[in-house]
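Next come two complexes, and both contain subunit A; in the first it sits with subunit B, in the second with subunit C.
And then the complex of A and B:
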C-alpha cells in the first residue's frame, strides 16, 4: 500500500503535475503499460505474435474500431452515450453503396453521401438527447433499433455484392502505403484531426467544459443544446465514414453490417480512459483502447484458446479500467476541492 | 377518479396501445384472436418478461444491468448440464438460482460498494459471463434434457401454459415486493436520491447488492424457461436480447434515472411488445424490421411528454409576442 502511494507520488513528480492532471496522465500511461504487458505476455506464449505481419493485422483490425471509438469519445466526453453507432455504420454502409450501385454516376461521391447520412442520423440522436431531454442510453437504444430497422426495411433481405461497390473503394481497402494498410493511415488521420479539433477549436473546449460540469458550463454562458447536438453530429459523421470503410472491407454487405459493434466501441473508449462520467479522456486513449482490444483478440486466436478467455480478459479489462477511473475521478475531485479551499483562504 | 387517471396515465396509455395493436393484429389475421394462439404466442415472451422483472428494481435504483442475458445463458447451460447428469429439478433449482444470484451480486458489489458506473461494470461482466457460459456449455451445447425439466414449457394449468402462469405469479410477486416491502420502498428512495437515502439511514449498498442478486436469480429462472421451451442450452442463448428487455422496462414507465415506475407497467409493456411482434410476424414483417417499430415506440413513449410541452410553450409564447415580433412559426 505504501509503495503504491509512493509510486503514484513518484509518477506524479515525473509528470510534473499536481493531483488531478497527474492522475489523468498516469491513467493514460497505465493503458500503454497494459498494452505493453499484453505484448510481452503474448510474445512469451506465442513467438509468432511479435512479427511485422501480425502487427499489421492487429493494426488493420483496430483501424475501424479506432475510427468509431473517436466518434464515441466525442459523445462520452459530454457525459452521454451513443449506442446507435453500429446501426449508423450499418445503415450508411448499406444504403450508400446500394444507391451507388444503382446510380453509377454517384460512385465518386459516396463519401459525400455518407457524410450527409451521418450528420442527419447524428443530429437526430442529438435532438432526442438535448432537446427532448431523453436520457442518452434510452434515446440511442431507440435509434439503434430504428436505424437498424430502416436499413433492414430498405434492404428487404438482399445484399450489395462486392462487384457492385465502387471500384476505387475496393482498391482502397486493399491498398497499403509504407507497409501499413490504407485503413491504418485513415484511422491515424482521423484521430489527429479529431484530437486537434478537441484541443484547438472552441467546439472541442466546450465539449470538455460541458462534460466536466454541465451546470458550470451553463452559467458560463455555453449553449448546452448546441454542444450536445454538435458532439452527436460529429459522432454520426465519423460512424458513417467507418461504416463506409467497413462495407468496402467486407465486400458483400447485408443489412446486419456492423451490428453489435457498439459494445466493442464502448469497451475501447472505456479501456482507453475516457471517463463514462464525461469531461475527461482523449481520443488518443480511445485509440489505444481499440488497439488493446484488437491485441487481445489477435493474441488469443494465436494461442488457440477458447472464446471464454477472450471474453473474460476483455470483460476484466473493462471493469479494471473503470475501477482505475473511479480512483482517478476521486483524485481529480479532491485536487480541485483543495485548490478551491486554498483559494478561499488566500 | 381523475386523480386515479392521472396516477396511472402511462399504464392506461399502454392498455390503449395494446388494444390498438390487438385490433391491428386481428385485422391482419383471423387466427390472432384465437385464445389458444394468443396463449401460445404469450409463451415466447415469458423469458423476456422474467428478465424485465429482474431488471426492474435495478432500474428503479437508478442503475442498469446489461449482463442479464449472459447470466441467463449461464442459467440455461447449468440447468441443462445438471439435467443430463441426473440431478432432480428440485435440487437443481436452488443450486442454479444461487449461482446466478451470486453473479448478480458481483455486479452489485462492484456498483454498490466499489462505486463504479453500472453500465461499464455490466458491460464488462456481460462479456465475462458470456465467456463462462461458453465454457460451461461447450461448443456443441447441451441436449438430451430430461422430461422433468421440460415440464414448465410443455404442461398447461387449465388451458394456460405453465410458463405463462409463472410469468403472472412473478409479476404479482414483484408488485408486492416493490410496493409493500422495505426493500421496495428503499429502492425508490435510493433511486430518487442516493444521498438523501443514505442520510435517512437506508442501507444503500446492501439494497443495491440485493437488487442485482435478485436480477441474477430472475435471469437464472428465465434460463429454466429457456431450457423447457427450446429443449437445449448453448453458450450463446439469448445473446443480444438485453436491448429488448431494457426497452420493455423503459416502455413500462420505469424512469431510467431511477426512483419511479410500477410493476404493472413492466407487465403491460411486455404484453404490448409481444402483441406487436406477434402481429408483425403474422404480417410477415422480418425480424429486424420489427425493431423499427419497437425503437420508435420506445422513443415516442419517453420523448412525447417533453415534445408536447415544448410545442405548447412555443405556441403560447408566439401568441403572446404576436404584437411585438409579428408572429413566427
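And then the complex of A and C:
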C-alpha cells in the first residue's frame, strides 16, 4: 500500500515536470518496478521463491492469462471492456473439443474451428457495442451469461475427458522447448504478433486513436464501428485459442471451463497499464500485468496463505492501478483542454 | 424550395473559390441559417464575423459536411459539392480547424497529423516516413515541434499548431479557422498570423472567424457579417470601419457605458479576512457592501475563481473568516452558504451552471426545492410560476418547458442566473458571467446586475477578464495576482492601465521573492 502511495506521489512529482506525456511513461515503468518489488519481498519471505523451477512455474501460470490479456487489451484500448472473455474461452474449449471427439476427422483442425467460433462470438459482442451502442460493460455482462448458458445447455452436465481430446493438443500442453513450456512460447508469439499489429497496421493505430479521443476520431473520418467491432473480433479470436489451450491443459473439461477468469484477465490488463479510459497502454504491459498476478499467486502459495488473501490482493491491485491511471488520465486531459488569457486591448 | 430566395449579390470576381447559395438550416424550432448566399474569392483572407448565435459555426458545419443543410448549395470552384463528412471535404481541399482541439492526446504529433491517411509501406504504417513528413510539414509552417512528442505534453497553442499542420496540404483550397487565437498568447497569435498570410500567398482561401476586431482589421481582405442566421453584408475590409461592422453585427449600436451609480451603499454584506488556501491564495481580505458591485480582475490562473469558490464552501481546507450580514459563517459546503443567502455562478455554465437536459422550469426551480414543496411533493404550478416570472424578468428566449440544451449560450447563462435569483440571494458571486455571450445579451446581463444591486440591494462580486466590462459595471475593482490581493481600486481611479499594472507588475515581484 505504501509503495502504491509512494508511486502515485513520485508520479505526480515527475508528471508535474513533463505534463501528461511524462505521466504516461512513468506509468509503464511503475509496473516493472512493482514486479521487481514483488520478487524482492517474496524472496525475502520464502527463499524457495527465487529458483529456476519456480520461475518456470510462474511463467507457465502466466501464459494463458497473458494470451487472453492480449485480446482484452485490444478492446480496452478502445475504451470498452470484454467481460465475456471467460465464457468465450469456456464455450469454445468445450464445444470444439466435444465436436472433435465425436468426429475424429476434425481433430487436426480444432484451431480453425475455434477461430470460427471466436470470430463469431466476438463479432456479436462488437455488434452490440458498436452498432446497438449498448455500453460495453452491460453488453458483455449479458454475453458472459448468454455464452455460458449456451455451453451449459450444450454440455448437458457431461464432460469431455482427457482421453477424448486430440492427441496432439495433449502432447503440446506437456511439451517444453528450451526449458520453457510450449505455452510460454505460444504466449510470446501471440504477444509479438498482436503488439506488432497494433504498432504497424493502420487498424492498430486507429484503435489507439479511437480510444484516445472518439470524438476526434469522428472528425478524422475514422470508421468507429469498424474499429470497435474489429477489436472485439480480435479479442474473441484470441480468447477462443486461449480456451483451447486451457482445455488441453486441464484435460477433463466441463461447462464451467474458464469460469470467472475475466476478473484476472482484466486485472492483468489494467495492472499492466492499459488505461480503462482507452487510448494508451500496450500488450507488453498487459503481459507484465499477467506475470505480476502469477507472481502474487505463486508467492502466496509458497507462503501458504489462503485463497481469500489472493482475491483481496488481486482486487486491491486493480483498484490501485486504476487509481493511478485516473491521475495520469487527468494530466493527459488537462494538456488538451483550453486555457484563456486575460482579454486585454490596452 | 428556394423560390423566394433573394437574388445573390453578384461580385465581379473571376470565379469564386467557394460559393454559398441559399443555405438554410434549422435546429428544431431555431433558425440557425436563413438563405445565406455569398462567395469566397481565391487567395484571400476572408473574415466571418457576427455575434454568438449568428450562424458562423453552423455555416462552417454545412460547408465541411458536419451538418446537412435544409436547403441551398455549396459550390467549390464552380462545381456543386455536398460533403457527407469532414474527411470528404478535406479530400476535396476544404479543411476546418475548430475552436476546441480535436486531437489524440495519447498519440505522437506525427500520428495526429497523419491519422486516417498513414504513409504505408505494404500493409504496414511507415512510421519513419510519417515522422519525416510531419517534420517537413511543421517546418514549412514555421512551427518548431518534435513529431515524436506525445500531444499530451504540448501547450494549447502547440496543440493548435498540430491541428493546423494536419489541415494544411499541398492541395488545400480553403482553410477555415474558427476563433483560432482565443486560447493563444499574443506571441503565439503573431505566429499564426504570419502562417495564414503565407498560406494566402500560396493560393489558399483562408476563412477567419473571430471576435477580435483588431485581428480582423489586421488580417482580412474581405469581411462578411452574419446576424441571426442571415447574411448581412460582404465587403472589402477597406470599406467597413469598426463602428459600421459592430453596428451591422448587432443591428444597433451598443456601447458599454459607465453608468453612474445611484443610491448609496449599505453595510457590508460579505466581509472576508485573511483567507488563505495553501498553494492557491494567501491572506485575502475585502468586503462587499449592500448594493455594491465589486469586480475581481487578474490574469487567468491567478486564483480569482478559487477564491470565489472557497467563499462558496467548495474548499473546506481554507483558513480565515467569512462574515455574511455581519455574522461569522464557516464555509464548509455550498449547502451552508446557500442557507446564508450566498449564491455562486460558475464560469463553465454548461457543465456546472445548468443541467442542460432538463427544462428551464426544472433548472430554475432546482435550488428552491425546499421552498416549493409541500409534504415532500413538488408543487408543479408554483414551479411553473416561478420559472415564468424569471423568464419574463430576464427576458429568456424559449418556452419554460424547453430543455436548456436548446437555448443559445446567452440564454443558458440567463437560466443559470435565474436559478439563483429565484432563491432571493443576499450575496451573488459571479464568475465570468458574460464569457462567450454576444454583445446584446451581455448588455442585458449588465442591466440585470445593476438592477439587482440598486433595487434588490444584493452584494455582487463579479470575476471578469473583460476589462471594459469591469470598468462599465463595477463600483470598485479588486485585482488578484498570483493568489494575492494586489490592489483595491475605486472605480473613479480605475483604468485598464491601472488594473493591468496591478495584475502583472506585482506578480513578477512576488515571484522574485519566492
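Basically, the second predicted complex is superposed on the first by the 315 of 346 C-alpha atoms of A that agree within 3 Å, B and C clash if a C-alpha of one lies under 4 Å from a C-alpha of the other, contacts with A are read in each partner's own complex, and residues count from 1 in each chain.
To be clear about the criterion, contacts are C-beta pairs under 8 Å (C-beta built on N, C-alpha and C of every residue); 3 or more make two chains touch, one makes a residue touch a chain.
Quick caveat: nothing in here was measured; it's all calculated off a predicted structure.
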First, second, both or neither for A:50, with subunit B first and subunit C second: neither
Contacts of A:33 with subunit B and subunit C, given as first, second, both or neither: neither
Touching partner for A:157 - first (subunit B), second (subunit C), both, neither: first
Contacts of A:189 with subunit B and subunit C, given as first, second, both or neither: neither
Touched partner set for A:319, first subunit B, second subunit C, both or neither: first
Which of subunit B and subunit C A:132 touches, first, second, both or neither: first
First, second, both or neither for A:206, with subunit B first and subunit C second: second
Subunit A positions touched by subunit B in one structure and by subunit C in the second: none
In the complex, subunit C residues that touch subunit A: 85-88, 90, 98, 100-107, 111, 115-116, 118, 120, 123-125, 127, 149-154, 156, 159, 182-185, 214, 298-301, 465-468, 496-497, 500, 503
Subunit B contact footprint on subunit A (complex, rising order): 81, 128, 131-135, 137-139, 141-146, 148-150, 152-153, 157, 255-256, 260, 263, 266-267, 270, 276-277, 306-312, 314-319, 321-323, 326
Complex contact set, residues of subunit B against subunit A: 64, 110, 114-117, 119-121, 123-132, 134-135, 235, 240, 243, 246-247, 250, 256-257, 286, 288-296, 298-299, 302-303, 306-307, 310
For the subunit A and subunit C complex, residues of the former touching the latter: 18-24, 200-202, 204-206, 208-209, 211-213, 215-217, 219-222, 275, 279-280, 331-333, 335-346
